[in-house]
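One chain, chain A, links the two complexes that follow: it is found with chain B in the first and with chain C in the second.
Up next is the complex of A and B:
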């Protein structure tokens, strides 16, 4: 199956075509619509949960809640959509037909990745947009009801920072999609890919605990092993810049850029490894 | 069975993928570490001192993300229900869970400690037969036990909110009202008074506690220090501006009342300390 690689040059047009088809296929799926509906419903329902807010300010509560919905449903959508879209090509044998033509496996894998990432991008944009709308609505209402509490110049909510947080979550989903594709490239079933994909998601969120907990090990070989394993998985906690947003602080642009570069490098490396692994695979 | 090198291909691919990911992780350390440090600096729950903390704070913060505020709020409601039933062990466990899930709001810490230190001794004494039946010594032991637990909660809260005057003040109140340890209360009121945002009450309480334990000279010196820093509207002793016909604002009236009250207190202490008139404070 590697013969076409040698005959035709790599084509961005073919990659874009595969990505476009993947995107269309994904938005037509019930899964995307369901996740979007659930996330939008949850964010919109935050008004009903305001009475349960004890600890923080109302706007902070809405932001936390909306971000929770974005992260939860976005992660679920990313893992399941990536696995489903990849295996639908394998199971319906369209991958076989496609790769029999002069199409690189790199184009196939990165096309799938970009298609899924674009779908997740639409999801993130819609949920973040709705969240911003809700916060702006409540902010306006609070400012009208308690003008004495908003004495500073301008609006207190840093909307630009909320957009940055949304974009960083989208980048994180890109890393997750690439990792799921890497798993799919050697996995035999959709279910296995989804389950392992979720495990990877949990590990990437919690790997810092292992690093912290085993930082003071006295055994050198064990320390090297833990350090190696901690570097195998990306640290998803670095994408959580939401806590930077406060009345006296905002998201540090340099930190956000570093995180973005971190994510893009991982997407590229994980995508490349998925291509490598897929090349070893008999379809 | 004959050895087939092709059988080793998946293993080789797997090892290569792991090695490439570990190398990527190490190469991305310069991007990850500053971002991780910035994230951790704003999120105290991610600073894990012990494995126990890692399993409590780390896992919940890492997995619940934005939803932890809502989860903590719901648990708080459950805690309130248990509190109404006077179920001390269940309430205490529930409150602990709330502050584990979301250690950010002061509300949870302050109210948890108050429930434990003020309400639970009453429940326990009533459960053992009531104030008429339970010997005074036993009552004091119960109060002291519960106060100690309440103070431990606040001590833990200080790791997340090190500059909170409210926490120091609540600790001091427990020492003052429950354990009757006025010396400890005096120290904590002073700490509260030294934190940013404290309104002045803790400073006056510090002097009161010193008086309670007979340290009049220290109380006097402290009050002089505080009095010098008080705003003095026109017409009040120590003010550089003479009284005018202009009516005082609400804030100025409050300030004037506070300054006058403190000066009277200073005079009383001068009397207690038998200070000669020539050594009396001149505002």
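Up next is the complex of A and C:
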């Protein structure tokens, strides 16, 4: 018996729906609110630590401190939220009801990924916005108190560059979310996914050290191995363009674009691998 | 290993089969690897079965008999190891096979942070219900399952019975031709269970095909046209409920209670014709019917007082 042609095409609308639902579920959970509260609290508390600026200028210290809070809590939020939002669907069997509809597993995985990424995006936007507000507040106070120190042209803080740094961190979290989702796609438990996700985070932050250490290897197989690993694990240090921000320099726009392309490539590839793995999964 | 021939009782003769069966299983076998050495556990073993369109079909069996695995294969959530599965003629591995299917899993837990209405709306949009009809359709199915008053509440606050109902609403929102209910009355009280039975019969009256698994055999007997019994993944019995449960060689006569003397006369009358009165029993109301009647009476009295 031949069936009528009723192919169900891949749908961006369904993907967006799943992403939107994931986002809604995440922001209504305590985890997101807790992470946001902690990050906001930490950034806001920088006022109390201004005296401990270790010799760097106060505004630079506030920026570094706030960026540290963004990176730390953003990473924690990305790994835990990705694992939790995936496994909550699997363990409570809501994934069954969704995948029993005319839904592609590709739509499910990329929907989850985009949903988590949107949550982290809101987190990054709020923390970066707060950081900019704090810096602007202190900058204004310092300019009023010491006008002779700010005789140059314009305001001393490159706010555009801070926004770029925030966006780059968000892109990095996208890569981390895709990697965590790849782990979740074959893992059996939430805990395993979270632990391995944090390991991946550490490896990605440190991989440049290993690559540099092994750059002068003479053994060809080892060089191939190191080269392969350096591509398997993205280098999270490339997202750290905050170092470029100084009194006379800012973030190179071209470099930032290349880093964005680097992140999007990894997100797409890791997401694709997660789809492949999830399609083999029996749920 | 090629599948063995299918038991003949599972598939009605070709002349008796509808043009398109809602579900066709042919030699369906599903193995799961177990442990590090990958030893295979056979969950479904060479199952051949047709679920005719427009009927209520009960899939029965003890725990671990392969019912849920069979359902997951039908829904395309699992790949068969051997054999085929088609839903309205479309192989179950294809996404298109799920276009006409609504599914209520056993003990569902939906997105707790959505309201009932948001949940049903989400599933409706996933299934492609047109925007112009969305609000009306969502309202319709919520009313159909009797949750209009609680549609604005978060799903996390719903009782077990309400979860089953909202689950049924999400399964029906895209007006599917086949509805699969996996233990729809698990953990539900007799009142909720009776309401679900009534909904199943309404679905049948609307021409839907319903595949149901349940451990409540009385419920299955009440609502199903056909049943199949699985044990350890194998089909051991299939047919219509009337065929399988009815006894054509016996009759029960219901009369007012007879005095002993008249009963003796009746025995003698039958004996004179070579018949035997095999049993004289006091008919009993089924406990679930008694429960429902008393609950209804109590609620009626409460409403009368208020």
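Just so we're on the same page, the second predicted complex is superposed on the first by the 277 of 283 C-alpha atoms of A that agree within 3 Å, B and C clash if a C-alpha of one lies under 4 Å from a C-alpha of the other, contacts with A are read in each partner's own complex, and residues count from 1 in each chain.
We take it that a residue touches a chain if its C-beta (ideal position, glycine included) is under 8 Å from a C-beta of that chain, and two chains touch if they have at least 3 such contacts.
Quick caveat, the model's predicted, so the values are computed rather than measured.
Novice: Quick one: chain B and chain C on chain A, clash or fit?
Specialist: In the superposition, chain B and chain C stay clear of each other.
Novice: Which partner, chain B or chain C, touches the larger number of chain A residues?
Specialist: Answer, by number of touched residues of chain A: B.
Novice: Calculate the angle at chain A, using C-alpha centres, between the directions toward chain B and chain C; round to the nearest 10 degrees.
Specialist: With chain A as the vertex, chain B and chain C sit 160 degrees apart.
Novice: Which of the two partners, first being chain B and second being chain C, lies in contact with A:117: first, second, both, or neither?
Specialist: Once the two structures are laid over each other on A, A:117 reaches no partner at all.
Novice: Would you sort A:278 into first (chain B), second (chain C), both or neither based on which partner it touches?
Specialist: neither
Novice: With the two structures laid over each other on chain A, which partner does A:235 touch: chain B (first), chain C (second), both, or neither?
Specialist: The answer is first: A:235 touches chain B but not chain C.
Novice: Quick check on the superposed pair: does A:103 touch chain B, chain C, both, or neither? Answer first, second, both or neither.
Specialist: A:103: touches chain C, not chain B.
Novice: Once the shared chain is lined up, is A:67 touching chain B (first), chain C (second), both, or neither of them?
Specialist: first
Novice: Can A:23 be said to touch chain B (first), chain C (second), both, or neither?
Specialist: After superposition on chain A, A:23 lies in contact with neither partner.
Novice: Pick one for A:87: touches chain B only (first), chain C only (second), both, or neither.
Specialist: A:87 sits against neither chain B nor chain C.
Novice: Using only C-alpha atoms, work out how near chain B sits to chain C after the chain A superposition, in angstrom.
Specialist: Taking the overlay as described at the top, chain B lies 6 Å from chain C at its nearest C-alpha.
Novice: Show which residues of chain A both chain B and chain C reach, each in its own complex.
Specialist: Shared contact residues on chain A (touching chain B in one complex, chain C in the other): none at all.
Novice: Please give the residue numbers of chain A that touch chain C in the complex, ascending.
Specialist: 1-4, 6-8, 13-14, 17-18, 21, 24-25, 28-29, 92-94, 96-104, 282-283
Novice: Within their complex, state which residues of chain B touch chain A.
Specialist: 9-10, 13-14, 16-18, 20-22, 24-26, 28-29, 31-32, 34-36, 38-39, 42-43, 46, 48, 51, 54-55, 58-59, 62-70, 72-74, 76-77, 102, 104-105, 107-108
Novice: Would you tell me which residues of chain A are touching chain B in their complex?
Specialist: The contact residues of chain A facing chain B are 49, 52-56, 60-61, 63-72, 182, 186, 202, 205-206, 208-209, 212-213, 228-235, 237-238, 240-244, 246, 249, 252, 255, 258-259, 261-262, 265-266, 269-270, 273, 276-277, 280.
Novice: State the interface residues of chain C toward chain A in the complex, per the touch definition above.
Specialist: It comes out as residues 20, 32, 72, 75-79, 86, 88-91, 94-96, 98-99, 101, 103-111, 113-114, 122-123, 125-128, 167, 170-171, 174, 180.
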